[in-house]
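Note that subunit A is present in both complexes that follow, paired respectively with subunit B and with subunit C.
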Partner chain A sequence: MTSSFFHNPTLLAAAVAALLPFFTFALIMVFTRPYPRLSAVLSIGAVSVSLICAIFLLGSHWHLEEPIQYTGKWMISGDIHIPFGFLLDQLSLLMLTIVAVISFLVQVYSLGYMAGDPGFARYYAFQSLFAWAMMTMSIAPNMLQFYIFWELVGLASYLLIGFYYEKFSASEAGKKAFVMTRFGDIAFFLGLLVVLLHFGNLNIQDMNSVDVTARMSPALITLSAILIFGGVVGKSAQFPLLTWLPDAMEGPTPVSALLHSATMVAAGVYMFGRIFPFFSNSAVAMTTFLTIGTITMLLASTMAMVTRDIKQVWAYSTISQLGFMVMGLAAGSYFAGIFHLTTHAGFKALLFLCSGVFIHEYETNDFFEIGKYGGRGLKVPIICMTLAAAALSGLPPLSGFFSKEAIMGALAEQHNPVWLWAGLLGAFLTAYYSFRLIFSILFPKKVEAVHQAEHGGHGHGHEAGHHHAGIYWVMAWPLIILATITLVLGFFHTPLENFLVGHHGGGEAHGGHHAWLLYVAVGLALSGVGLAWLEFGRKGAPQVGFVEKVEPISALFANRWYIDRFYRLFLDYFIYGTVSSLFTRNDRRVIDGGIDGMCRATVGTGWALSFLQSGMLQYNLMVMFAVLALVALYFFF
Partner chain B sequence: MKLWMLFIPELYCLLMGVVFFGLAMVARPNPRRDYFVALLLASIGVVVALASVKLEGSLFFEAYRVDLFSQVFKVMLAMGFFLVVCLCTELNGIEERHHPEFYLFLTTCTLAMMMLVSSVELLTIYVALELSSYSLYILVPLRRGYGIDVEAGIKYLMVGATSSAVMLFGLSFLFGVTHTTYVVDIIHVLPNVIGTPAAILGLLLTLCGFFFKLAVFPFHFWAPDVYQGAANQVTAYIASASKVAAVAIIIRMVSLVGGNSQYLVDVLVTLSIASMTLGNLVAIVQKDMKRLLAYSSISHAGYVLIGILSMSPTGYASAIFYALAYLVMNLCCFLVVVKVAQDGSDLKIAQLAGLHRRSPILAMALMLAVFGLAGIPPTIGFTGKFLVFTAAMEKGYITLVIIAMINATISLYYYIMVVKAAYLLEPDVAQPQLAVSVPTKVLTASLVAVMVVFGVFPTYLLEVARAAARMLL
Partner chain C sequence: MEFANFPFLSAILLSCVVGLLVILFIPDERKMLIKWVSLVFSGIAMVLSIYLFFAYDKTKGGFQFVEKVLWVKSLGINYHNAVDGFSLPMLMLTGIVLFTGVLTMWELETRVKEFFAFTFLLVAGVFGVFMSMDLFFIFVWYDVSLFPMYPLIAIWGSTRKEYGAMKLTLYLLAGSALILPGILYLFVNSGLNTFNLVTLMQPGTFTPFQQKFAFILLYLGFGILAGVWPFHTWSPVGHVAAPTAVSMIHAGVLMKLGAFGVLRVAIFLCPEGWQYWAQLMAVLATCGIVYGAFVGLAQTDLKYVIGYSSVSHMGIVGLGLATVTVEGMNGAVFQMFAHGVMTALFFSSVGYIYDKTHTKMIPELGGMSKTMPVASGYFIVAALAGIGVPCLASFWAELLVFISAFKTYPIRGALAICALVVSALFMLRVVQRTFYGEKRDEFDHLPDVSFGLGIPRMILVAVIVFFGLFPSVMIDVIQVASIPFINGLP
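Up next, the complex of A and B:
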């Protein structure tokens, strides 16, 4: 294989794209940590090369007929071996490109956002670690490799959420994210084991083939599918494991943009898409997923309606959009879910990066405050953010509109109309809370004295202002690029569909069958925007939402439906109070006590025997002869 | 080839003895002169022993056999002697005017042990053994100014004399059963009569004399007091060279049985377990480094016995390998003891505190040697233990091996205490840097290299040990 390695551009490009960030990570951690600039250059250089490789791969395999798979055997022991390698098909190529593009843009943006941070080099090291893990996961040919890098992605997420580890809430949030996703991953791993035991293979292509139904009973498929979906629930913050994601906003904003909206949390949805045919074998499981996706989408939307924190709003909207993607996939439309994942990655990263500019400028997360300080003065971010919010709300002709329509179409195909109505309600709520935020910044009640940092030159000297402007533009360019993507990506609906499901795919639902649906959805989105305008946008608007007027409901939403409270109680009373205290007692008394006792007995015996030693010579000789006498007796009997 | 050439290593030792005897006659003491003469002669002694390693033949009416087995042990003895002499740069434990005598008795002891490993006749064995013991009886109380030296000397003498008496009793039994004192003839007769109590008791009582040398339970009582009471260099010699000779002669005696006495195996198993357990348990509570090493040597005697009691060629080979490994590791430990306690006093374990700062190379050597004694890979000690345990497993003594493993775990405790003292503890009062001369550094480095290299690539040494063990059968 090595001989062909350099002659095969596909293999080489895939290997370079996936591995280069890892070497950068190692290099930064070991050598260049004291040199922040060099570390940033290394990391961005690596991710640029990865990006070029990814685009090259996507371009050269645009008309891919058969998936390309390379695996090398990674022997573990005996006859168990785990292949490592790459699986390049339409889905993985698309995901690889998404990850590379967003990673690249976020890393460039971070040059400005993280400038002067003491952990600058560490930040870029973790970014490289994430890029490596995420890209290798995207192109994994079997679920075991997928799982390993899935966990590594989780590790990178933990490290980046807790990046400001000296801040208590940040390190707590990191832990919470890690533990809650791990909770889902346990189920994921168990599910993989079920498949491994009964199917004997975790190769993705084999799992997706029809062999599965022949070798596993329907009940087993349902069981393993639901267990594996546990991983999706954890990683993509689905109900009931959704509360870690808002807390994860403690990390730096570019991290939220990259990991906790565009790519990492979408990994769950990606995994759903990855073994979509496998999941489709079980109708029960698919209905379960549809329910979970719907509940998640609605819950998160309600939470987003009452918060005042700009990042929290986008975090909740991420959760609800992820729920939306799950709904699309679970409704049977592979393309709709993946298409929404793609467009969402673009506009959600954009939303976060824009928020980052505001947070960086005004050093507050409260969007009412940002509005008050004159947030609308920052032209590029406010325009881009409005654009992205419109995309999020599903307004034409932005990318979100197309992908949302695709999902609505899929939902309309379902026999039970509940799903469609839930989806439409979600679309309405999404438009409402997005524009609640936008209007609050655009049309604040009262603009206070312009923040000094807004336009360089007021309070600062000329140089400082100039420098600040430089940073501003470093951060603005990625916004503009992402905004362009958001604008045009929708028009690539058909080519992407052809790419992903092929010309002969045929059976996909198009909005065309349901012309009325198009109008209803757009109408609902527009009425959401209108409601937001009435309450927040128009002159003399009260700036208090209709939900906020009803105290109990508002409290319910603000407390995240008491899900966290429930977990807290569960942890305190059941885990800490019962299970863990019992285990602790067992540890202290039985295990520690046993070992301590053993040690004490050993040392005590040592003391006792050493007294035997210090005795008189006569006793020593007596012992000698006594032993000899015993031995002699033994021989004679 | 002349017959006397077979006797060259011993003759050379005798010559050394004459030289030191001459030096002892000189009225004015000169420690530097004595040291350099000793170093020169000892290094030549190693070369002589190495040169004569291929000799084969027998001498003195078949009472003395020169073969690969004996010559390998002679090389080890010459090496041990040389290394102990290397430690004598600061021989502060012994009065200056007694230095020539110190070297003289070291030489006679080495000579006696060389004869011991070659003797194949009971009385020759006895004479050689006594010669080596008497040299040590004198060396132990030679220490200056510490009260316990006399007590240690007397204890050594008493236990030694008792063991000798027991051994003579055993020899008389052996003679009575086999009607011969020649080992070659005993080999033919003894396996047939080994079932009788007289024969086996005779053999066992004979072994007592050697068990005393090796400090196997219940003949270990001298070890802690003598280790502590003797001068550091003397202790180093007792702990290394004399143990090697004891292993050699025990292997030779046990191989007489021909490998078919369950009784003897049972007794040896019991003694081995008792030695290991007692040595390890009591070592835990020691405060003095030399006492700790004494108890550790008692437990190592138990491990060596495991190889010997397997009574198979692999078992003997593993015991030979273990003896060599033990020689190197122990000398490395004593090197550190001697260098840290430069005034010749006893070394408390607490005094090792901060050693890694005072002398990194000594601390590293100590750590590796101690890990080797504990049997941690990749040191030679691990390989030794591994071979010994493998030999026992081949014979199916799984319980014994498990007990030995548990013992090895217990021993880790006190070995790691030593490492902890050297690396993790800081002294109460800041201690000055230890002056370590370049030759000492070279010596330390080569000992460390031997421990690690032969721990990873033991094949060559193991081949030598196997070839030597084949000579017995």
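Up next, the complex of A and C:
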């Protein structure tokens, strides 16, 4: 087995790609933590090897006919087999490449962003941990292995969100993210158990085969599908577990770019795609998912319209776009959802990395402030960010346009037109909030001369390395690469579609009869941009959004529809205030009290009886006489 | 009389007993010498127990390394030691926890001699229970291991130590008071005039009624020591009162003694009673899991938090045993091992922090990651193991138990699984409040764990990670015992 393993370049590449980051994680944690530079080199070295392997795998399997599966034993206990292995098919190869590319770029970018941080080595260790977990999860052949690495990804996310652990808000956000996703994961795990018990197998290919319908009743399939979807709800921040993601922005910005927009949160959608045929066995479940996706998309868009924090805008937009992907998948278009995942990974990472440059430079998250300080002076990031925002809004010819059109096409196929309207409304809102931000930075209203002079001159990426606060070339290059990807990826629409769904499945989403849809969608997006221009862009713009004019609605949006408030109250009054304190009181009073009472009763009895042994002859004789008298009475009568 | 080539099991026992005797003959003042002697003898015990774990012949299975000497003929009592897949992990656990415990107490200055003497006495009893195949000896060793707890807590402890010690002793003696009649009942009713476990466990020795009656006595008796809900309140109080190494041994090993007693005595001798009472066991275990997690949420003392997490985790052991399946038993035994190592690490890190800061109240700590990054790191690893993060040992145990529990008792299993959220919440709360946040200036001058003091914690972390990455090393040994046992059930 070993020799064949080393002679098979595919398996070797997959193993190296997935496992190498783990070794660097261990190495950094155990040995090289005091040496930040060496740690960074190790971590980036490992992820670049992974990247090369991933690209090699994608390239050499572009015309893959049959999925390649390799499994070994991890643990066998009685009837439970937990294999460890790889499943290489179109979807997993694509995801592996996405993760490797973004991880690599983000790690390079972090060289600049995290420079001088006291936790530099720890940061790279966690990055490696994440890369390992995420890549091994992407190519897992079995849902149990998938679940295991899914949890590890959650761990990496917890550690990275709470990276600045001295900040209360950061550690609080990390905890919140872990517990909320754990909540979804419980449902996921229960769903897997239902499948395991009734189907007997969690192999992904078997779950996707037609066998499932033969061996499980429709009700069971619906039940397990909805439970498993709980994992997606947690990880991809769908309604009602969506509030952890905006808080997760407490982590360093590159982390937000990698985990909380491009890859980790997309894992939920990836899982949906992974066992898409299984989910599509149940129409009820799919309608449920469509509803959840739609609610999520609209709720998050409204939240993004009122925030002033640059990262929060992109966080809400991530939630909303994830909801949009779920809509696409739930509407039955496998390709549309996955394609949007791919393009979104590129432009959303770009948006965050650009924001990171602004935050690094001006040390504020408020984009109105950034605009006032002369944010547009930073040429590379502002151009890249505008480009990415246009892609997010679905403007042609950028990548987001193509993938959004694919999802719109899928929504139009639904019998109920409400989903399409919701999608179009979402497109309008997305364009509006994206360009509200862009125009605020591009065309600031009250220019403060001091900052203009200070920052205006040296914003250019390439020579800024000399300035202490400038953007370093290591931060600029990843932006440029991602921007290029955003520009050209859309034109790979057809090859990607052929790759993912084969030649037979083509044409599912963009039939000719939806030509009008294209114009409507782009038109709505442009009108969103136009509205943003009127309110924030043009000369003398009021800089007040139409939502902000209605106080209660704006408050509702800004408070995240009071979802967090509800959780807080639930935790405080039900979990801490009722269950926990009742149980604790029971422990102290009832159980302990009972035992203590028994002990006291024993001691008390001993004390009472001790009067019998007082040593006084009269008492003893009296008792003896009384007893004898009683015995005599008993015998005589 | 039969002996393997070399009496490994007796050698383990002897290393404790000889260690004890040698320490008794060293003068009080030679503290360093006492510590080194303890280290050497505990090291021998650990190496032997690990050797046995890997030397056990998995293809042959059954009881191996048998040592048998007739002791009292008229009562059928033998000095009879042997190991199987269930006891090997326990022996290894005891060896590891003893060794790391001795290292953890390296800085002890008060009454060093007595402390290590009592510790060795305690551990000799623990080893004895794990390897003995004679009911009489099991009971004797069991009481030998309980008795030193009282002085160890009452003398070296803290926080209401007299109350804690007394409570613990009374509870455990109450347990013994149930076990002894159970054992005698079985001895008398078998009519074989033997205490030999192997003879008594032959099918058909006891009628179903006898099994049901004896099982409940033995289950409750041993269960008290395993922290079965609602007989658990001695355990957090005892944990809190005990000194560091004793907490480690107590939570890490002693509680397993109870669970192991349920397995070895109650389940082995009364399998039909086991099947009869399994429903009840599952209810109590599920209550323990959920209840422990919720009560843990309300604690403000680090050691109480760990104490209640132990209640919750030992509930998982109980739930695994209650499923009457191979997976459940595998998971339960694995969980005993994993939980033992994990709590030892917990108490070891908390012990260090308490030694230096003189507080274990969560509100008084905070920002410890800045002050003592290494000590905090150990605690955080233990906490992550506690909430069942994959690739750490307890994850696999919990996974197996939950799968089999959900299969056998869907509702109770699902409830237990849901408690995972609560346990994640309370562990992360503790980690956040104690280790994250602004650092406190008053602790600035305190030193972090030095390399030498870090060794025991490193060993524990290494064990947790090793069995987390290679669970089959453990499971393959356990199932050598569990598969034939379940298949042999009537």
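Heads up, the rule we're going with is that the second predicted complex is superposed on the first by the 558 of 637 C-alpha atoms of A that agree within 3 Å, B and C clash if a C-alpha of one lies under 4 Å from a C-alpha of the other, contacts with A are read in each partner's own complex, and residues count from 1 in each chain.
To be clear about the criterion, contacts are C-beta pairs under 8 Å (C-beta built on N, C-alpha and C of every residue); 3 or more make two chains touch, one makes a residue touch a chain.
Please read all numbers here as calculations on a predicted model, not as lab measurements.
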item: Subunit B versus subunit C as contact partner of A:E151, first or second or both or neither; value: second
item: Partner chain in contact with A:L633 - subunit B first, subunit C second, else both or neither; value: neither
item: Greater residue coverage of subunit A in the superposed arrangement, subunit B or subunit C; value: C
item: Partner chain in contact with A:R182 - subunit B first, subunit C second, else both or neither; value: second
item: Touching partner for A:L196 - first (subunit B), second (subunit C), both, neither; value: second
item: Partner chain(s) touched by A:V210 [first = subunit B, second = subunit C, both, neither]; value: neither
item: Which superposed partner A:A515 touches (first subunit B, second subunit C, both, neither); value: neither
item: Touched partner set for A:L621, first subunit B, second subunit C, both or neither; value: first
item: Residues of subunit A at both interfaces, subunit B in one complex, subunit C in the other; value: none
item: Residues of subunit A that touch subunit B when the two form their complex; value: 602-603, 605-607, 609-610, 613, 617, 620-621, 623-624, 626-628, 631-632, 634-636
item: For the subunit B and subunit A complex, residues of the former touching the latter; value: 154-155, 158-159, 162-163, 166, 197, 200-201, 204-205, 208, 217-219, 221, 224, 263, 266-267, 270, 278, 281-286, 410, 413
item: Residue ranges of subunit C in contact with subunit A within the complex; value: 167, 170-171, 230, 233, 291, 294-295, 297-299, 325-327, 330-331, 367, 369-370, 384, 389-391, 395-396, 400, 402-403, 406-407, 414, 417-418, 420-422, 424-425, 428-429, 432, 435-439, 471-472, 475, 479, 482-483
item: Parts of subunit A lying in touch with subunit C, wherever the complex brings them together; value: 73-80, 148-149, 151-152, 155, 158, 162, 165-166, 168, 170-172, 174-175, 178-179, 182-183, 186, 189-190, 193, 196-197, 575-576, 579-581, 583-584, 587, 591-592, 595, 599
